[in-house]
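Structure first, then comments.
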Amino acid sequence: MEGFGVHTSMWTMNWDRAGAERAVAAAVKYEVDFIEIPMLNPPAVDTAHTKALLEKHRLRAVCSLGLPESAWASVRPDAAIEHLTVAIDKTADLGGEALSGVIYGGIGERTGVPPTQAEYDNITRVMAAAARHAKSRGIELGVEAVNRYENHLINTGWQAVELIERVGAENVFVHLDTYHMNIEEKGAANGILAARDHLKYIHLSESDRGTPGYGTCDWDEIFATLAAIGFKGGLAMESFINMPPELAYGLSVWRPVAKDEAEVMGNGLPFLRNKAGQYGLI
Amino acid sequence: MEGFGVHTSMWTMNWDRAGAERAVAAAVKYEVDFIEIPMLNPPAVDTAHTKALLEKHRLRAVCSLGLPESAWASVRPDAAIEHLTVAIDKTADLGGEALSGVIYGGIGERTGVPPTQAEYDNITRVMAAAARHAKSRGIELGVEAVNRYENHLINTGWQAVELIERVGAENVFVHLDTYHMNIEEKGAANGILAARDHLKYIHLSESDRGTPGYGTCDWDEIFATLAAIGFKGGLAMESFINMPPELAYGLSVWRPVAKDEAEVMGNGLPFLRNKAGQYGLI
Amino acid sequence: MEGFGVHTSMWTMNWDRAGAERAVAAAVKYEVDFIEIPMLNPPAVDTAHTKALLEKHRLRAVCSLGLPESAWASVRPDAAIEHLTVAIDKTADLGGEALSGVIYGGIGERTGVPPTQAEYDNITRVMAAAARHAKSRGIELGVEAVNRYENHLINTGWQAVELIERVGAENVFVHLDTYHMNIEEKGAANGILAARDHLKYIHLSESDRGTPGYGTCDWDEIFATLAAIGFKGGLAMESFINMPPELAYGLSVWRPVAKDEAEVMGNGLPFLRNKAGQYGLI
Amino acid sequence: MEGFGVHTSMWTMNWDRAGAERAVAAAVKYEVDFIEIPMLNPPAVDTAHTKALLEKHRLRAVCSLGLPESAWASVRPDAAIEHLTVAIDKTADLGGEALSGVIYGGIGERTGVPPTQAEYDNITRVMAAAARHAKSRGIELGVEAVNRYENHLINTGWQAVELIERVGAENVFVHLDTYHMNIEEKGAANGILAARDHLKYIHLSESDRGTPGYGTCDWDEIFATLAAIGFKGGLAMESFINMPPELAYGLSVWRPVAKDEAEVMGNGLPFLRNKAGQYGLI
């Protein structure tokens, strides 16, 4: 998880053979260092096929997911452990470096009341079990803080740090996202500073999830703070143009937030690369 | 709807006699021009009591609401018209100037798919009927654009304008909110510019709904654009510290986003007033 | 003075035949609507040559200057009128639309004390005389507010407006510059708002005079406010890479502030065009 | 040089007994940790008087200056060494911790051409000699990068670092200023990052030198980057309301840039303290 990568949502949200081939070809074209593979249905991933594709193109990978409601860690910890175990195995089998995202719950999970200690106890137990299995497979686990509407448990950098410190495993890291920080942190730097000791991965996503550089994210503040803390992790551009039905409710993007893929990849990607370069991050 | 006001959520979300008295006393203390009264349960409002309070303190009022699921305009237009008719009557009876907010749907209403023409047709019909009744009572109606998670129908300034132009009534205006614009617009000015011909009301709410001035909203851009378009409507500070159960799921604020009321009123309010004054808006 | 143009300082600061040909060829390549021609030595301009070049390429032009010390309007008003008369004639002869810049004084003029009424009286008289002559030649005159170090007389938008209202001529307008506003205005929008009734020309120049988009100027605020006031004038990109000895002391750029011309024209120009387009200005 | 201080220019630019007493009384009232004393005329400072005042109020002090033209280090290195020797002695005698500012040249020094190696060689020699003497007196020396108009030699953080590394003395540090960085750096964070290994002092000064928080400086980026690099030095608020004739030309503030002292101290100071506190810097 180093360098500059891209979430493959730009090209597919269905990681079957066709989707994987299309996404890898695009990632190679844009010369990224790694891709993020959405693992919406872990058992269905053809790991041998993906592994061969990645090796052929010397591309690294991070897998990501949100738990299905049947396996929300806060209320169904055993199902969550089972789901994550499969996902960790699939990540290892396809040659991935980490499994990250809302691995502690659902995208869209909200009870209508603030988090309870019982919920945190459950997700702590799940994370600890998953971390042990991940360690045995050489995989790291990332905890992504997401906005209040997508989950009620971990909305800020310091909440992710608290969870990680409760879990106490070395292979669990904080995963931030500029889109979510724009809603939850007093400023993106606050989230980065709060998470600095555990931060290894960050989604670079614009304030409306459209083309990076066209919205309200303060990219200078973001990259400057990353540079200042000596950030060495992965920078992954994320934008949502194609929305799979499974995620539509959770992500709630109801209109095109970018003109087209060409705008995102032709303007947004170079913008982020230039800024990251200006601050010595890539 | 002119001048500088405050959403009474700071002091009560239950507009009974005690809540009304507490909120009005506080509003008087902070010398605002008007208050926004949340009308969560229109029939329960004691309009004579509120009217007397407002007159005694020479305070103007705007009422606001989101529709209950049983009266969502997109799917139950007749129930929505009935609900709005009562709310308009209550607004007029207590001496209010306008009824605004998510008056076209629910706070938290989402189908999981993009808006359909049938939904827009229904809400247009509801708005037209409500506008006619509001006109007969001397009330204006405001359409508030809210973020993608709180409603899937009207997320941006231009979507509010489109609805209003379809309705075609003179007493319907656009209501913007800086918190929602921070998520939905490419920059707050874009929303203000898109809505300029119809904009009469704006919620001044920080990016995390906490203390204004402590988050990521670009207040100079916001006030400069308002000044530049010659904005003459109401500026209403909004922050959420007390969350009623009815709104908790929709608003999804799971942790304190401000230290306390003193921080919001002692730092946030003067900050907004100073900036609004710098740009000649009050 | 409409559309998107560029200050030819990018290609020449010496408006001889070779410089003019190089600059016009470059401007045509980048498809700008007009060029700004620095008239450092008015009598030396070969107006027939420039006029032919402009007509051939259907390019419009604005001329600009700062007065030489021998003709500072504040202390040598008659010499200033004489200098401006020649410059206005040359502008008209080459087919230009306006003469703008620090036409009321020197770039680097400072007395060490705040402006005096006598200085303002002198420059008002000079501007009035120049405006009369300019009118007879069909030329408009622009008053550029520059930062405190480049001149002590007109540093802000409202000071330019005050001067223009004292002059009282219809063909004199305010010329703002984002680089100078970054130092002098409480925010660029303040300068634009103060000058709105007289603003017809703006230099788009980054905070360090380097590549637009790489510095601290708040371009969203700038373009949003221009859009909001209904700005119809000329947008001229300005960056200083080549510094003529005559201007070096006044402009004081002692190191390369952009990597090279390719960075300014390849990244800065499209950045400004995209943003201007986003706000409907071009 | 730790904690939060204030440049005494707010209360006096003449460090005689009356000025010193007025400034110290004000600093005590605003509960700052240290004051910055402008040493415009080192021999004239009554060090015993100042020392007693500082001790009485347990206030720490940093002295600052720009060299007079008769002692510009670039061209008159021996005179510069002599001037700095006196200033260092005075700083030590009054109980100050450091001598900082444009100690390598004049405020307003510009040759009209870029810096030469000979100039840098001279100032390096002066700094080395001054550092030796300062070390013998237990004083640190700060090199302040100022904007292109105030000096042509050291405009950016990296230029200050280069000078310091050439000097090679442990008791010389970088002194940044947000006002100057707003003109010279691609963003304030760039200057802070470039200087991080040597940065011990920073002037918090608004983009127009008026009330902090009212201009264009990006204070979140500034404080976040300081927090991220683990900054432990002094934070000194600076605003210019009273301008001594000696500095007027160099500083070039020709109009009131703040309403009055009450605005600067009543709004600007708490604003900076709040923000510095938010980022854990004080």
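In this document, chain identifiers A, B, C and D correspond to the written order of the chains, with residue numbering beginning at 1 in each.
Note that in this section contacts are C-beta pairs under 8 Å (C-beta built on N, C-alpha and C of every residue); 3 or more make two chains touch, one makes a residue touch a chain.
As the structure is a prediction and not an experimental result, all values here were calculated from the model.
**Student:** So if I look at the partners of subunit A and the partners of subunit D, which chains show up in both lists?
**Tutor:** B, C
**Student:** Average the CA atoms of each chain to get its centre, and name the chain whose centre is farthest from that of subunit D.
**Tutor:** B
**Student:** State, to the nearest whole Å, the distance from the C-alpha centre of subunit A to the C-alpha centre of subunit C.
**Tutor:** 48
**Student:** Please tell me the distance, in whole Å, between the geometric centres of subunit C and subunit D computed from their C-alpha atoms.
**Tutor:** Centres of subunit C and subunit D (C-alpha means) sit 34 Å apart.
**Student:** By the touch rule stated above, which residues of subunit D touch at least two different other chains?
**Tutor:** Residues 186-187, 214, 218, 278 of subunit D each touch two or more of the other chains.
**Student:** For the complex, which residues does subunit D have touching subunit C?
**Tutor:** Those residues of subunit D that touch subunit C are 110, 112-115, 147-150, 152, 155-156, 182-188, 207-208, 210, 214-216, 218, 245, 248-249, 252-255.
**Student:** Which of the residues in subunit C end up touching subunit A in this complex?
**Tutor:** 214, 267, 274, 278
**Student:** Can you list the subunit B residues touching subunit C in their complex?
**Tutor:** Per the stated touch rule, the residues are 186-187, 189-190, 192-193, 196, 218, 220-221, 224-225, 227-229, 278-280.
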